[in-house]
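There are structures below to look over.
Each of the two complexes below includes chain A, the first together with chain B, the second together with chain C.
Right after this comes the complex of A and B.
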């Protein structure tokens, strides 16, 4: 039975907790605290350690879903969580002050997950504001990280079907790159 | 929307004073920090240290403790203790507030003493915030 460990990354308010909640088939382990930065992102609570959920794909492939806290003061958790993951769904909210900057920041921060697994990018809240287009995200990706094969989607983290498609796209991407010997050695947790 | 307690000068001042009193009450106290539930440093001892990273860590620990007690269905988490060869960290939530007090004691203090001191000062902080 294959197992995957996938990390959901991206800034606060991108929809990581919501995505994991919608995908998980077990009760999600959540570590929420009241958000005292509502002037920055207007949501009541924020993740301060991790989110954890699980989903089975193809009947017997267990996928462990971990979510990071999005703020840099929790970067010590990023180091802990990135060690055990083998792929990343990077969610970026279109209504962030600099969504393209956030995308390139998190991609750089978690770049090792591309090297030993794969990355898919989901642009969220694209229906809320007229942020950068998918083409602009892709161009920025090619400019900052030429040659990387990273699919970019718009996605609604509240929509389970959409999130499942993003997750399956990532798993197929990882398995293909694995089959073609394109990955570096997996780090152990 | 109300801003976090770390942004309120009166709270920061009261927290700093409280930590100084805590050190007077226990010579074994070597580090202490008050932080918000969502990981912002409010005050720390010694005061000149950068508490940003520790505040994030302590709030994560607090939330993980809560997640564990929830998972095991054993009610609310009351305190956390990390014991090491050079001392012990005692951490608990300030009653009724979105604040956490985390304190490091050297091994001259028993865990019981460390817990009693930390509890007392967490309650004092709660009382101060109510006045």
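Right after this comes the complex of A and C.
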């Protein structure tokens, strides 16, 4: 069976679970637990192992969508999942205390995924608060990762059309990076 | 073209084989491009027949218009164009923050110059993206997404872009014009051609992008 693993990463409360629920054609497998950090993000539950959804492409070929837990103490799950992934959708909520810092942190943690696949960054809740502009996110990327042209979009994880755009942009960008010989040796699924 | 603070003079006559200035949004694109490179703070007010005044505040990268961009009139008739002094002390032309200017520039760039190179571009150049446009906010098709992905990964000429993306040169040129007007394209006359791995029939069939697009019903190109 052909499979393509896409990771959804980013801090707690960025909208990873919602994004996967919106894209998945199956009922999403969720591992939620009570959120003990409501002083950081005010929601009742949070992902503790992973979320899982999938899109059937053709026959038995699937795009597998994995959402990782956002807190760093679950980083052992990050290591397991990133080995299988082809690309990453990094969601960062604009109303986080330091959204640009969160973006650069997760990008650094998952840098190998960029090198052998691709990354798209989605800025969520940009319509709720006046956080950094997209240009400021891009400038920060250029400072920390000179020469990388990573797609950065504002996105509402509840909007299926927007999430499809993000997913398709990730996949075509990976294919173009491959076509221009820009990927390092792969261990993609 | 000259700009004296309140008046934008008519553009010079197009050269044979060049773009027809009167078509669509060409005049607006020329004016916007010119104001954006000026050191003097300046804004624009355009009159669009049947669509009311279009106000652009460059300092705040914003615009105001009663016509929603999803109803962008590709064949608008421009009945007037004037510059408005901007900068500190100048009253705002409209209530800020307004709408993000990128969405308007995207539409104007795509719908000007009739598929010919924008007047500020030079023959022999190759282009590469400096950042992706915010595609979730701009009306677009999948051919444009593929072209943008090409431009994000290599310096290419318009002809190469068209060839790598499977579109005609005019369509590729419209996209280059738009991204250039948005100032998210770097240009180089020295950048060498970058070969793309040949897309065999098997590779084309195996493109996940193509198959997933089809699966999601995104067959718009």
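Going forward, the second predicted complex is superposed on the first by the 178 of 189 C-alpha atoms of A that agree within 3 Å, B and C clash if a C-alpha of one lies under 4 Å from a C-alpha of the other, contacts with A are read in each partner's own complex, and residues count from 1 in each chain.
Here is the rule we go by: a contact is a pair of C-beta atoms (placed from the backbone, for glycine too) under 8 Å apart; a residue touches a chain by one contact, two chains touch by 3 or more.
Predicted, not measured: the structure shown is a model, and the values here were computed from it.
Three-chain overlay on chain A, with chain B and chain C fitting side by side and no clash.
Shared-chain residue A:155: touches chain C; no touch with chain B. Once the two complexes are laid over each other on the shared chain, residue contacts for A:76 go to chain B alone; chain C is not touched. Taking Cα centres throughout, chain A sits at the apex of an angle toward chain B and chain C that amounts to 170 degrees, reported as a multiple of 10. When both complexes are overlaid on chain A, the residue A:31 reaches chain B alone and has no touch with chain C. Of the two partner chains placed by superposition, A:143 touches none, neither chain B nor chain C.
In the superposed model, A:49 makes contact with chain B only, not with chain C. Note on the superposed arrangement: chain B and chain C approach each other to a least C-alpha distance of 26 Å. Once both structures are placed on chain A, no chain A residue is touched by chain B and, in the other complex, by chain C. Contacts from chain C toward chain A in the complex involve residues 97, 128-132, 134-137, 142, 145-146, 148-150, 152-154, 164, 194, 196-197, 199, 207-209, 211-213, 215-216, 218. If you check the complex, the residues on chain B that touch chain A are 1-7, 36-40, 52-53, 55-57, 59-64, 66-67, 71, 98.
Interface residues of chain A, counted against chain B in their complex, comprise 29-39, 42, 46, 48-50, 69, 71, 73-77. By the touch rule above, chain A contacts chain C in their complex via residues 4, 55-58, 61, 63, 130, 134-135, 138, 149-156, 159, 162, 164-169, 171-173, 175-182.
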